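There are structures below to look over.
Look at the two complexes coming up: chain A is in both, with chain B in one and chain C in the other.
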Partner chain A sequence: MIMTVTLTILCLLLILCFVTTSIIPTPVGACASLIGGFLLLSFIYGFLGAHFAAVIQIIVYAGAIMVVFVFVVMLLNVPTQDLPKVKISLADILSILLSIPVLILVSIKILNWQAPMIDSQNVEMKDIARKMFIDYLWPFELISFLLLTALVAAITVAHKNKGSRYMLKEGSDHGR
Partner chain B sequence: MTIIFSIIVFAMVLIVGFHVAPLMTWVERRQCAFIQRRVGPNRVGIFGFTLFGLGQPIADAVKLLFKEDGNPSYVQPFFYFIAPLIPSVTGLAALMVIPFGAQDTFFGTVFSPQVLSVGAGFLLFFAMSSMSVYGVTLAGWSSNNKYSLLGGLRASAQMISYELGMGLSLIPIVLIYQTLDLQQIVYAQSHSYLFGFLPDWGIFRAPVSFFIFLITIFAETNRLPFDLAEGEAELIAGFLVEYGGMRWSLFFLGEYAMMFAFSGLISCLFLGGYSLPYLTHESLIHIVQPILGSFGSIAVFLIEFATLIVKMSIIMLIFVQVRFTVPRFRYDQLMKLGWVTILPLALINLFVTALVLGYSSFK
Partner chain C sequence: MDAKICIICGLILFFVGFFALLYRKNIIFMMLGIEMMLNAANLVFAAGTQIYHNADGQIMIFFIMAIAACEAAVGLAMLIWLSRNRKIMDTDHLTLLRG
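On to the complex of A and B.
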């Protein structure tokens, strides 16, 4: 009972954090609420007994990836008046309307959900490592190749116009 | 009863963590004075008892508490106020992972002097230490000041570069002792090594890891020679420019608590933790129990606690000694050291350790 109530509160806070990330106007605020969301996600993992996943969630996402995000946001440091204004277009309204059935389907699934009880004493890092590097070695390696492909694709997309090596030079002087 | 013991241990660790910062400011000034052949602060005392100037931290704390709380108009309010809290909270939270003694029974109740012992072990420590960078970064950004911003940027880039080397340097230790639990690692180190000649400490099993880890914790805690986020010669005081009074000192509370936590971790992983050399927990009990009877387990706990504190203090003194001996790095030198020297060295060290361990287990 306490477990369910705690998890519900954590999940609501988590949703609040991620919604704030997408609607807050300042980039650093968005980053901060995303970090808050990752922390709450790791609390949820911890409550469910998956301590290793909880710690890895903080180290990898909140501690490493988000530091790079914050670094870039701070390095560009766009003044608030230069940020693009958000306009609600017809496409936005249509996509919101289309997402309502999905929301209903997901919430039906969620309302029938029971918090799984994991015996945290029995899950060790050795078990996780054995699953990952012996039982599911091929899927694991394939996913790493997928990530590599995404990385190469991102670099290719970013370098589309090869002529301009210094892309920030033209008309985007944010340094004050 | 177990809950009461847990609360006592929690309060004890918290009190120790809070008192590190004021004490260390005094130690730092005294040691700096000795290195530079001066006397240092030795006057402040209570009722004429100066005690080498140990009243200085109290006087400093009173001064900081009553200082005017400056509140610049041009800062980003929310992040400006929340930033000093992050290093102190994460620093004190990281201390909770350190075991201050072996698990034992007092008056029929199990007593564990480690506040947090989870399955992920000391990885939780790294989660806390990697979160602490946000204090410096957000302080630098929210101060709305060029020097602060540069300090914050430097801190975040430095943290990312050295975290990799730090994590990789500890994998050999995990491979050697086959566990992530700090209690078990410390227990494994309390035996003797090389025909009883040396204690079985991590520093003798994996010396390269020890030195890489020692270098990276200087960078992780933003201490000289790696304190480029402050760099008073180039950035005035970096992220601290717009802070004053108690908020300014909260950053130092966090820095010293994190330093103390790191010295605890390095003692537990490489220097045998709370165990005395050549003596396991059981043999210590066998020595003490006939003399003190039922209070033996309390005496053993106090001996182990004192042992760990002594080891941590030695590491803290090394921190201070290095600060006043080695000049500050240039930023490109710092990055080159991190990516070109430390990271490949840590990888080679990991590879060689895995090879040796694999060979000896196949044999």
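On to the complex of A and C.
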């Protein structure tokens, strides 16, 4: 019972962090709030027994990917972004009001679902490693090629080439 | 019970990320929205691991993280190119497909 209450509180905090990320005007604040959300997410993985996922969530996601985001925000000196002004029409309000009962109905359906009873051991690191290098060997190798391709693409795109014909001309209208 | 709460939480988080992707105009915020959607998918995979006692879900989390890393690398490189050569970061000003 106390586990369920703790998990619910963690989930609510996680939703709060992600909502903050989507509506905060400052880019660094958005990145920091998303990193906080990733830490909460790794706690939730630990509660669910997915320890491998909890560890790589912190090391890879919060430690590597988000650091790249923060670095780019610092490098480009992104200013505070004003939130886009949206005119809220009657159709918007109606769709929001209609989506809430749909969410409640789906939640009730999920909560009433009888999960299959499977009597096997919890997933250990050993099982993940065995499966990854036997059943998922080809996808694993393809992912390594994908990472290599992304590395080459990122270097090629971000490389400074002065003679490009698509560069900003003097007095042009910011590429419009 | 724990896993079901996480599935509902993943559902809500996916739509929060989708909202960020549609609402914000700056490319950095849109990419953060995509990251949120990928993490919502990860959360549902972790819940599935707990329900079925199967390692496949955690392997999928690993693969999704690798794909998110690729997406972040290429997207941020494109962002650097745009801000250096065109001095823009808003999708409202990106009206040309070429170059």
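In this section, the second predicted complex is superposed on the first by the 94 of 176 C-alpha atoms of A that agree within 3 Å, B and C clash if a C-alpha of one lies under 4 Å from a C-alpha of the other, contacts with A are read in each partner's own complex, and residues count from 1 in each chain.
In the analysis below, a contact is a pair of C-beta atoms (placed from the backbone, for glycine too) under 8 Å apart; a residue touches a chain by one contact, two chains touch by 3 or more.
Just so it is clear, the model here is predicted, and its values are computed rather than measured.
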First (chain B), second (chain C), both or neither touched by A:Leu13: neither
Contacts of A:Leu151 with chain B and chain C, given as first, second, both or neither: second
Larger contact residue set on chain A - chain B or chain C: C
Partner chain(s) touched by A:Leu103 [first = chain B, second = chain C, both, neither]: second
Contacts of A:Val70 with chain B and chain C, given as first, second, both or neither: first
Partner chain in contact with A:Ile56 - chain B first, chain C second, else both or neither: both
Touching partner for A:Ala32 - first (chain B), second (chain C), both, neither: first
Chain A residues contacted in one complex by chain B, in the other by chain C: 52, 56, 64, 68, 75, 120-121, 123, 176
For the chain B and chain A complex, residues of the former touching the latter: 76, 79, 118-120, 123-124, 126-127, 130-131, 133-134, 137-138, 140-142, 146, 149, 152-153, 156-157, 159-160, 163, 180
Residues of chain A touching chain C in the complex: 3-4, 7-8, 11, 14-15, 18-19, 21-23, 27, 30-31, 34, 37-38, 41, 44-45, 47-50, 52-53, 56-57, 60-61, 64-65, 68-69, 72-73, 75-76, 78, 81, 84, 86, 103, 106-107, 110-111, 113, 115-116, 118, 120-123, 127-128, 131-132, 136, 139, 143, 146-147, 149-151, 153-155, 157-158, 160, 164-168, 174-176
Residues on chain C engaged by chain A in the complex (per definition of touch): 1-9, 11-13, 16-17, 19-20, 23-26, 28-29, 31-33, 35-36, 39, 42-43, 46-47, 49-59, 61-63, 65-74, 76-81, 83-89, 93-96, 98-99
Sites on chain A touched by chain B in the complex: 28, 32, 35, 42, 46, 51-52, 54-56, 58-59, 62-64, 67-68, 70-71, 74-75, 77, 120-121, 123-125, 176
